[in-house]
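Read through the structures below before going on.
In the two complexes below, chain A is the common chain; its partner is chain B in one and chain C in the other.
Then we have the complex of A and B:
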């Protein structure tokens, strides 16, 4: 029984991987945009009086490598909720519910395959761009496998959130407006542009205890000399994985129940 | 004159369409308003740590953010169809617009109206008057510059979307280029290297969508105002020329029957 389901999940994963490989123009556009973002911030960090910082003071290079990781995750995650939103608004989700695999699980498997391919391609782009701009290799190169593992966990968290955001369309008819707010909260509380260590104390504490920190700051902080514990970092990500996993399951069941009762 | 009346009628219909689902429209307005304010938090945090960004302070960034919000908001509210031109071309949907007794561009642009644009417009006032510390007396100049920036944005998006006339598989690339435009306009561009600034002032005119209008408001001058108005005019003419050039390559999608 389990074997069949695993085979079906792998087929979905493979489908996502193949779909990503076919989207060459999208990859080209995203690669350009990713490079542009890093170039913009390199220029901005160059114009910023970093010496004004008190306490923990990162270098410009560290800040750019941190950004390369957080933006890598944001670019790879994209706005996949739109697919679920479109399935709901078009009614196509009804036929998906007839399949033996739960819709949420199949979607997550397909997205994971898609994401894995983008992760590999965008990692090369980001690495090359950041190296070119800073003229330095990434700090702590031995931590690279940890960065990849932490980024994979972060992306799983984001994909689960995006699945739930897509499902919001069942109740509101659209998901976009809710996604905008969620995304900006991710940017601010996740520490997209600069590490949470530079935030004011109160805001930093709030951000560190939010799921958003596990999505961006956790993998990004691995290239910083911040003194943060690696075990604690992964433990935080796994904790949020359990919480968001349970939430995703609950929302998926509620969506299925509603669709079965009232239709798409 | 007839075209103008037609355009006004299309606008009225778009507003009517938004009123069909008032709660959804209101939700989009409120969420976009909140979205812009939350995003600005990053700059509040930044200027809590640093005194300046290449000579710009928090109020200058707020002014620029307001201009970006106003220009994108105005563009998507009045000409919400601009982002769907490429999709329409690829689907063969241009047939429907070519069958109408006027140039297809106005009807393409006014094919829809995004309610979220109103949220952008409302947030612009907060950025200017509250966070940017500008006085109400400066509003006419700010609105004029931001509206000219909206024209530049609309023209740039049209030019980007026309890419599919030559490369039909470039739909996703059009979306990414639009995202790039949005992203670049949200940051001050004066710290950029000279070659980048040259690009931003010419082929990819993001500078005229936020940075230049903000500078004109910061240091008002007749020359600056004329420069912005000229940019709006020139990029509009270029967009129409690119569209017309691309139109020659368009092959019907056999959707004439939908006109009936």
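Then we have the complex of A and C:
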């Protein structure tokens, strides 16, 4: 039984991978935008006396590598919730419910395959752009496998959030407004452009204890000499994986129950 | 053995009024006004291997019933068993036993080639590789889709897509095929081809077919029994031949010929209009089966084109409804 379901999940994963390979123009556009964002911030930090900030301050090279990692995750994640929102509003989700695999699990598997391909391509783009701009290899190059692992966990967390955000359409008819609130929280509490370590004390503590830190700051901080414990970062990610996993399961079941009760 | 048994199935939806305004207004609970009964007290049984039409006018509750039978909608009350499963409680187990085609919805992935979609469905349903290869080969032959396998689903015509959809629904070897308006939007030729394919499938493989359609042609060509519902309630459950004899009125056939003054005589057929190179016949289907009249016309006249005008199904339903209302009034009296 499990073998059959695992094969089905792998087939969904493969579908996502194949779909990503077909989206050449989208990848090209995102790669260009990714490079431009890094170039803009590099120019900004070159013109800004960052070293005059109080307390611990990363160098601008470290900052750019940090941004390269967090933007990498943001670009790869995209706004996939729209697919689920469209399935719900068009009624196409009914076709998915007719299949033997739960919709949420099949969607996460497909998104994971899609994300894996984007991760590989965008990693090359980000690495090349950051290296070119800073003129240096990434700090702590031996941590590269840990960065990839942490980014993969972060993306899994984001995908689970996006699945739940897409499901919101079952109750409200739209997901967009909730997504925008979530995205701004991710931006602020995840520490997208500046590491959480630069935040005022109270805000930093709030941010570090939110799931958003596990989605961006955790993988990004691996290139900083921040003193943050690597084991602690991964433990935080795994904890949020368990919490968000349980939430995703609960929301997914609630959505199915509602659809079966009231129709698509 | 019964493929489907339905007993006192009822479904009602709360009619809720959304609050006016933007997103935040939608966060407030909707005003619940009243219950709308979509399916009421429906009972029927379908034996394995039967081909049954499930018919009724728009809003009669056909699709809602079909959704309940596939498990994606829970009834308000009543029980049903499909292929040995209670659909809304064992939806995923049931998925392996049934194939479903919604004429207006696709289960193929538009951006993928048809073969890729088929392969994926095979894996989703856990079909063993050798069985899958053999079944695919048979379905390709049966539905004549060999030339479509390497094309993307988005590039197919509606008729081609529907043939692929039905093949896709059969890849996991279901014993029961549920079809919701499978020929909607198809031209005459594509409809005829699809009906032939479905007919052959059911007769040769013994697949049970439950079909909803507005098209009397679908029903006549594919099914042997008709369940008629109206306003969610069972109106009639009859063998098709009996339904035809009781309710289908005359049908029109327009023949365009190479003959300047075409003439045609056949028992049960009257001439509605005769023009140069064209004759319109009215066929009393109670006494003259339409296929026999067409065969006779093709034999006797140099036919250039032939159009069979179906009795609009709404008319059939009205006739049935009038007949049933009259019968009930008579019984009451």
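Remarks
As a working rule, the second predicted complex is superposed on the first by the 264 of 264 C-alpha atoms of A that agree within 3 Å, B and C clash if a C-alpha of one lies under 4 Å from a C-alpha of the other, contacts with A are read in each partner's own complex, and residues count from 1 in each chain.
The working rule: a residue touches a chain if its C-beta (ideal position, glycine included) is under 8 Å from a C-beta of that chain, and two chains touch if they have at least 3 such contacts.
Not measured: the values here are computed from a predicted model.
In the superposition on chain A, A:145 contacts neither chain B nor chain C.
In the superposed model, A:172 lies in contact with both chain B and chain C.
When both complexes are overlaid on chain A, the residue A:33 reaches chain B alone and has no touch with chain C. In the superposition on chain A, contact of A:49 is made with chain B only, not with chain C.
Using the contact criterion defined above for the overlaid structures, shared-chain residue A:22 touches chain C, although it does not reach chain B. In the superposition on chain A, contact of A:135 is made with neither chain B nor chain C.
Legend: residue contacts after superposition of the two complexes on their common chain; A:100 is shown touching chain C, with no touch to chain B. Of the two partner chains placed around the shared chain by superposition, chain B is the only one that A:193 touches, whereas chain C remains out of contact. Common to the chain B and chain C interfaces on chain A are residues 172-174, 177.
Taken in their complex, chain A has these residues touching chain C: 4-5, 7-8, 10-12, 14-15, 18-19, 22, 91-92, 94-95, 97-102, 106, 172-174, 177, 259-264.
Taken together, the chain A residues at the contact with chain B in this complex read 23, 25-26, 28-30, 32-33, 36-37, 39-40, 43-44, 46-50, 52-53, 172-174, 176-178, 180-181, 183-185, 187-188, 192-194, 198-200, 203. By the touch criterion stated above, chain B contacts chain A in their complex at residues 21, 24, 27-28, 30-32, 34-35, 38-39, 41-42, 45-46, 48-54, 116, 167, 169-173, 175-177, 179-180, 183-184, 187-188, 190-193, 196. Across the complex, chain A is touched by residues 13, 23, 26-27, 64, 67, 70-74, 88, 91-93, 95-96, 100, 102, 105-107, 109, 111-112, 116, 119-120, 123-126 of chain C.
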